[in-house]
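Multiple structures follow.
Two complexes come next, and they have one chain in common, subunit A, joined by subunit B in the first and subunit C in the second.
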Partner chain A sequence: MKPSPDSKMWSSMMWSSVKYLERRVLHAVLLLLGASILSFLFSSLAPGSFFDEMKLNPQISPETVAALRSQYGLDQPWPVKYFRWVKSVLHGEWGYSFAYNQPVRSLLVLRARNTLLLTTLAMLMAWLIAVPVGVWVASRRGHWEDQLTSASTSFLLSVPELVLALGLLYLVIRTHALPVGGMVSTGFDRLGFWGQVSDLAAHLIVPVTTLVLASLPILIRHVRASLIEVLQAPFIQAARGHGISRSRLLFRYALPAAANPLISLFGLSVAGLLSGSLLVEVITGWPGLGPLLLEACFSRDIYVAIGVVMASTLFMILGSLLADIMLVAADPRVRTDHA
Partner chain B sequence: MITSKKKSKKKPIAAAIFLLALHLAILLAGFVAPYQPAEQNRDFPYAPPTRIHFVDSRGHFHLRPFIYQSVARPDSIYEYTETRDQEYPVRFFVSASEYKIAGRLPFHRHLFGVDDPAHIFLAGTDNYGRDQFSRILYGGQISLAAGLLATAISLLLGACVGCVSGFYAGWIDESAMRVAELFLVLPWLYILLAVRAFLPLHISPAQTFLLLIAVIGTIGWARPARLVRGIVLSARSRKYVIASRGFGASDAYILRRHVLPHTYGTLLTQAALLVPQYVIAEVTLSFFGLGLSEPMPSWGNLLANLQQYNVLVSYWWMFAPALALVLVSLGYLTVANAFHQQLQSGSIE
Partner chain C sequence: MATETAATRALQPALMKASGLSKRYVQRTPFSRNKFAIDALVDVDFEIAPGCLTALVGESGSGKSTLASCMAMMEKPDSGEIWFEGNEISRWSPRKLAPLRPKIQLVFQDSAGALDPRFSVAQIIEEPLEIQHRESGQQLRARARDLMEEVGLSPDWANRSPLQLSGGQRQRLAIARALALKPALLILDESLSGLDLSTQAQILNLLLDLKAARSFTCLLISHDLTLVGQVADFVAVMHQGRIVESGSTAQVLTSPQHPQTRKLLASAQVLESAFRTARAGGRP
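Presenting the complex of A and B:
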């Protein structure tokens, strides 16, 4: 359905899609609020705090610990703590890290950037591989290629990211093919621009490959399933009857018709990717949100932990919001349905 | 067409039998494992898996498999050679170290073992010379129990919320589903770690275990709740439900008798999907050192050895727990797939 040249109708359609997106954004904000309240609820259920370890130290008096606790507001009930935290978020501080002695935001930004780099790359690669493979396999339904792919996806599905990452690391260390650990080699600053890029890329290969392998099976299965459904539709039969070439038929006619559930899946796949990236980051030493959260867990740095949880929730919500926007852009029915 | 149907029946049955055998072996770890999980052999750190032989050095074939005793090479560390002068046959139902059945009955028969100076390490040993095969079996008790219990919690919570939400509808439904949406959107692994961060680090293993299971199970209630709600919602308006209400049946009776049976298939499918997911969750936490701690074996603890790069590269048999993990996931996912297909083909009519 092409937009009608009638400008009145066009503007009304624009208006309804803006309305729709507005509702989705509001929804996202409410979800974020809910997630933050939940985090604080959980944190208040737990006994103990960052300063409890100090109590074991005979040189620090109990009064000092109590004073520190009240200074950071840890002796307050959780709603008070929550409102203080919201205030600090509005000031752009995101709470205070006890272990690092600085506002959480300065810690988060860099780590979040690294995680984002890793997950976006992995997501792009995974979709770039999954779509053609899924389409191809759907068109060869029941043949040996299809059966081989389905066997390997169900095997891959049952290999946890943890094992995938360890296995890949084993291969890489064994063959000395790639640098291992961290994001860049020592002496990164002395490299030229292209040297820096290639060094970064070499460090990215293991974590990205792990994430791609972990998310591929679900993506391929969904692409295949939704394409098979479309391929049975009468308009495909008609197009085939008109003698349209196979690749054009698959990618130009069938794929756009199958796109809707895939766009929704895109939003959902962000969740799995983020959880996977936590593991992969810790195992391969990628300085993202994962190692930061783990450190915060061990030192009981609760605002850092909450900050990381909020950042990852934000990414997930942004992912599903992006999917909503793409859906509006791709499918006119969504615009009018929700008007 | 017919062959594919036959295949799709055979595979899940094989998977189910395999799962059953695996669970039984892990349940009876004391019997199947040749050694105690904490039994150290300081002379055999990082010993590779023991080779099982059928043909001896003189070329004679033995029906009963046997092993050679391995000794550390004098000029190296963690390298071993077999001494070929004496064969140690693998004996079955041997009497060895004592263990307890169901935590009570003392028992000392083991499925297999070898005579004393020799050791049989089917999956090699770790840095203390502990038998990995035995540790994987004992560790499986913890990892699988965590997965099963957490699944039970999730399904129970999900079924309760889903039933109430779908049956009474209205504002209860609306608010419950909003909360479910919230739980679905949360990145669960991050939450799991964060919740663990809020718990005290040094508490007794039993407490840690129960707390972790409670947390893992609680986080996952949303998906089953939504599925159950959908089924209850559609079952509620069926004619026989309305009829039975007309005959004066109570809500509890209708739920139990007419509505709940519709959800069993979905709950079973969800269970088969959730168990491996939760086993992996426990493994992940223990891998990071946030779950159960040594000397208690769990698959995550065992895998945690691989965090040292030299172990990862030099001793490939330390990957054995990963194999167990993959096999469990593969089994459960195959069964879940079969349940799902059965459910779909059943609901068409």
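Presenting the complex of A and C:
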């Protein structure tokens, strides 16, 4: 059967979308390569190494220290160290931790899992709050609800994450309402399933609330601004003219049309999943990548630090790749532009 | 020109009437008490006779689109009254206005911006019918295809994106969408402005054919007095938020009283010949 002009056109658009995504994946791989090279270059410029403190110990001879440096390849120039590290990544080890005496991967997986639990929850909650609030205040532009939200988001924007976390910790400590620090209480293993869930949830409240409060103002402002722009578009006016209900107008017409900048922002927030919470984790004692990176930097455990940086970079790239895929799916103009 | 039928219809009560309509836009400067105010409409009285094609003409910024928005209840006037089918609607709540909205449909100037790029051509026509629960399923699809044919769009384009249509085709699509709800009043807000002369004439011909077939009332907003002179029964000329002259097309065109009308008449004569050529060739 002869294909219709429409089916030809759609297959051409699909093909161009695939080509577009192929290019994005290639960019992502190159970006990852560039980030890993820069990480190694900068870490090699940093003074000192994990074994430098041993030199101060009179019981360890300089020859032993030199032998250890040689054993771990620290006496090699950085390009050699880099290729060894790439080989180790390909073997699934991600380098070797001097401090923990084990492959970096096992450390990273455990800590990244904790960080992902925290940040995914925080991100989901932040978006679930920001989208309806942003849409609502955009539809009430200039009214008292809009002005109150604007004042609240300005206030939250001006308070640093550090102060938010400390303030919440102070409240929790004063009221004894929630456990402070760590991920679970002692005796966690003896609790039943729901007991474990509620214990974990109680530990999550302070860091998740801090992260949500820190990201909410930016998200609400972006949703509001995108919606306001779209609500003035002629096709929205036309839909109003058809007698559309307010909720259908906002959620079926305006929100999808305002999705482009929000999808890019969503990509960035996925990108910040691993890196965004580092400070909050350190302050609230959440055993994620934040404290691991801090310890690795203090002890010059170079491969652990590079591992954390690379994990964050990987998430950043995956986040923007996800945003690209969502953009292609959501916006016919992106598909048409590449057709 | 105003026909005998139009003159008879003009004697009937107006389908839509604005009386003493005023609208002011105020822009505040950030961190300052200074305000910048524009009087878009100043004490406007305006009538649209049923079954007629009334043209609203004026230069850019004269308040034509604001008047159209107020009459389509897209914007609330600051003061004055708007009467539609014998009811004063300017103070009606959005809930009370909802059943009235399908009776007044707008076709915008920016045809690309007026069509949601995420919808296909068929979906764009189906959407108003779906909103008003008038049709569903296969009936809805068939109705969309009928409307496409009626405005001269091939039903084979039903699954296309509006982005893949030309400016003229998009304007036909916008007219089909507006007609889907069988409005009593169709307002074309500078809908011909972005198009080349030949396409303008084609759309205008289409409008006349549709109006003859469906007998709706039409308000045509334009800055080109020569163009509307070919098709309108009545003309009103706007200048700086006021209606400065109005009457039958023949009266306004042959003996313009206001300097603004004379100025508008003097400009854009070239379209007349293009329109005559297209009209002589039948429907393009």
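In the analysis below, the second predicted complex is superposed on the first by the 320 of 339 C-alpha atoms of A that agree within 3 Å, B and C clash if a C-alpha of one lies under 4 Å from a C-alpha of the other, contacts with A are read in each partner's own complex, and residues count from 1 in each chain.
Everything that follows uses one rule, which is that a residue touches a chain if its C-beta (ideal position, glycine included) is under 8 Å from a C-beta of that chain, and two chains touch if they have at least 3 such contacts.
If you're wondering where the values come from, they're calculated on a predicted model, not measured in any experiment.
Visitor: Once chain A of both complexes is superposed, is A:316 in touch with subunit B (first), subunit C (second), both, or neither?
Guide: Touch status of A:316: first partner only.
Visitor: Contact-wise, after the overlay, does A:253 reach subunit B, subunit C, both or neither (first, second, both, neither)?
Guide: Touch status of A:253: second partner only.
Visitor: In the superposed arrangement, does A:234 touch subunit B (first), subunit C (second), both or neither?
Guide: Only subunit C is touched by A:234; subunit B is not.
Visitor: Considering only the touch criterion stated at the top, classify A:284 as touching first (subunit B), second (subunit C), both, or neither.
Guide: neither
Visitor: Name the contact category of A:242: first (subunit B only), second (subunit C only), both, or neither.
Guide: In the superposition, A:242 touches subunit C alone.
Visitor: Report for A:298: first if it touches subunit B alone, second if subunit C alone, otherwise both or neither.
Guide: first
Visitor: Examine A:180 and indicate which partner it touches, taking first as subunit B and second as subunit C; both and neither are also allowed.
Guide: A:180: touches subunit B, not subunit C.
Visitor: More residues of subunit A in touch with subunit C or with subunit B?
Guide: Of subunit B and subunit C, B contacts more residues of subunit A.
Visitor: What is the shared patch of subunit A, the residues that subunit B and subunit C both contact?
Guide: The answer is that subunit A has no such residue.
Visitor: Considering only the defined contacts, which subunit C positions touch subunit A in the complex?
Guide: Subunit C residues touching subunit A: 72, 74, 94, 98-102, 104-106, 108, 110, 113-118, 127-128, 131-132, 156-157, 159-161, 163-164, 174, 177, 181.
Visitor: How about subunit A: which of its residues touch subunit B in the complex?
Guide: 31, 34-35, 38-39, 42-43, 45-48, 52, 142, 154-155, 157-160, 162-163, 166-167, 169-170, 173-174, 180, 271, 274-275, 278-279, 282-283, 289, 293-294, 296-298, 300-302, 305-306, 308-309, 312-313, 315-317, 320
Visitor: Help me check something: in the complex, which residues belonging to subunit A touch subunit C?
Guide: My answer: residues 4-6, 9-10, 233-235, 237-246, 248, 253, 256-257, 330-333, 336.
Visitor: Can you list the residues on subunit B that touch subunit A in the complex?
Guide: 4, 179, 181-182, 185-191, 193-201, 276, 280, 283-284, 287-290, 303, 306-307, 309, 312-313, 316, 319, 322, 325-326, 329-330, 333-334, 337
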